[in-house]
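The letters A, B and C name the chains in turn, as written, and every chain counts its residues from 1.
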């Protein structure tokens, strides 16, 4: 179902321009390379728009919106819009500080994004439903579960329609919607929460998949979500004795690197709504 | 003896706000996650104080004090002081450049720190005893050894009393003191010196342990020192054929992730003074 | 042939000051430590020149030339020139944006570099031969191969003479020349292209080797190129089942850490011109 979107990344080698944070940037780049994309990081406003112009997708992640990063994002985002390039926005820890809210509001007002990907607390904060006072990780109470899945999906669909984009929430159950259709994906592994940057890797992968399949943003976004989730399960299986979260991080990226399209399809646990 | 402080981190999941350097920030985050803490990095002065307000501890590391990092540290440090949050300061490479001395002096003048953690050369530079002209690593001549241990401990006690904080020096022998009592800890492994950022991981862990046990700063600091030291020994034992310093780094964080409180107590080599 | 230069790094432990990018900085530091060098990263213009003064070599990498990085590079580069310290310049992605061209031109005009190391597209852009419109990775059409090797080497020799430096181009065939003599090195492994930062590691290693053997810049540069290439081959051999690009990165640095001088000489595939 989604395997063909992974194949597109491997075939087309999209170059992805990321404006992202220093905490996880190396893992984002290696996760993109693992799938066949070409990472490029450039956050100086003096070149951000020019770099975007030669890329196939733009990934904006506000994990540490310092210095002139907001300025670079706006410049690159607007250029990407002019050129019709897909744009991913990861509103890391929105809702925790006034400055992050300011950054997120500015980006969403000035740039038309293709996909917004956040964890449950971030997406609830963006949707005006509260949530997220605990830093970069989602609060358990905010996460979609079997009980609130239908309601959460409806809220996310409305949000996607309002912003005319794909909205993706990551967590034990991932939800991806374009406002009309929705996928609920139940891959992934709890150990992923003990690795910094799995959320950043995901937005980086979404940009890679969108860069390779720009005409199917819903499916490309969902395929990236599924690919990381399956890789998380494979990585857990491959973990050796005495290995903990650092080795799990490597095995997660390794699993992306070795993931085959048919394996992705075979392991996929996805429902459509 | 110190195992219970590790349990506190695992039980309370303290959120730690780090203002740190781009070289080792990813390892700091994963080391904190390995122990059960929640890392959050935000070094923009426009949000640093707000981020600190929702964390349980603040970790300030001047490994690369660029841009507005000093401004962010002062803002966050003062807010942490107002809120009574523990504050860790890692004066990386103080003594090597006038600017680093300026940064360290400003922080110590404007912020009341809970724990100062440095290597031997850094702590000697802060104590006005010379030391440290060789970059980020401690010079062998500066390190505490069996011959100078008593004298070094006395100097460190006086420094801790002067700054009304816990002072910790890392090295082959780690010393931790609050000015009255002192611990000498002989865990750790020489291979740790071939990995960048073990010192940064340590200050990040000290902040995590202080965030979980803010009322016992001496013991919490010493427990973090001991935990990393024991993990360094376990990591060496777990190293496989053909593995070098990069794999050792992963196994170090893995060992923190799998470390049990009773194992920490059983392996601890600690004397009180 | 080149093993003795590796021994020099292990014996002399040169401190290397790097002004580099946040994407790969951690790997650069661990690769330098793997060989016995002491990494130090400091990109604040307020201290860059002072830090260079206590180092044995300077490594300038424009992977993400943001903030005041250019200012720091000029200040540090000029100080290094005054002190006679070797200087490495890695013109990452020059040719892709006007700003990168501006940065590279300024550095080459204001700083006398010892070695310029780039991939084929970057070096072609610097030589005014076009090339490099695809981001941070070299285009296949730009790379030296058996057919264009002689012509490429001649062009690189002319470039080295013009800049009075050593010029090194990395790729399936690496070429290193001081304008008179040239080495073609055929070590390395294709898997290296799936790891972000192997080029950055290489310029970091060149600086380490130059810091240990400043009087033989051609041989020291070629030895660093060969060391990383051999490590890339060893890492591939050491890769275990289910391991991909993330583990390969670790095994690459591990192989540097365990590389012996005689093994480097035995595996070397190098021709002189």
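To be clear about the criterion, contacts are C-beta pairs under 8 Å (C-beta built on N, C-alpha and C of every residue); 3 or more make two chains touch, one makes a residue touch a chain.
Just so we're on the same page, UniProt names per chain: A, B, C = Hydroxyethylthiazole kinase.
Model, not experiment: these values are computed from the prediction.
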### Message
Taking the touch definition from the header, please name the shape of the chain graph: line, ring, star, complete or other.
### Response
complete
### Interface residue identity across copies chain A (Hydroxyethylthiazole kinase), chain C (Hydroxyethylthiazole kinase) - same or different by half
different
### Query
Once chain B (Hydroxyethylthiazole kinase) is fitted to chain C (Hydroxyethylthiazole kinase) on CA atoms, what angle does the rotation have, in steps of 5 degrees?
120
### Task
Could you give the separation in Å between the centres of chain A (Hydroxyethylthiazole kinase) and chain C (Hydroxyethylthiazole kinase), each centre being the mean of its C-alpha atoms?
32
### Task
Hunt down the residues of chain C (Hydroxyethylthiazole kinase) that sit against at least two other chains at once, touch-wise.
22, 26, 67, 249-250
### Message
Which stretch or stretches of chain A (Hydroxyethylthiazole kinase) touch chain B (Hydroxyethylthiazole kinase) in the complex?
### Response
21-24, 26-27, 63-67, 93, 96-100, 133-137, 194-197, 242-247, 249-250
### Query
chain A (Hydroxyethylthiazole kinase) touches which residues of chain B (Hydroxyethylthiazole kinase) in the complex?
15, 22, 25-26, 29-30, 33-34, 38-44, 46-47, 50-51, 54-55, 67-68, 238, 249-258
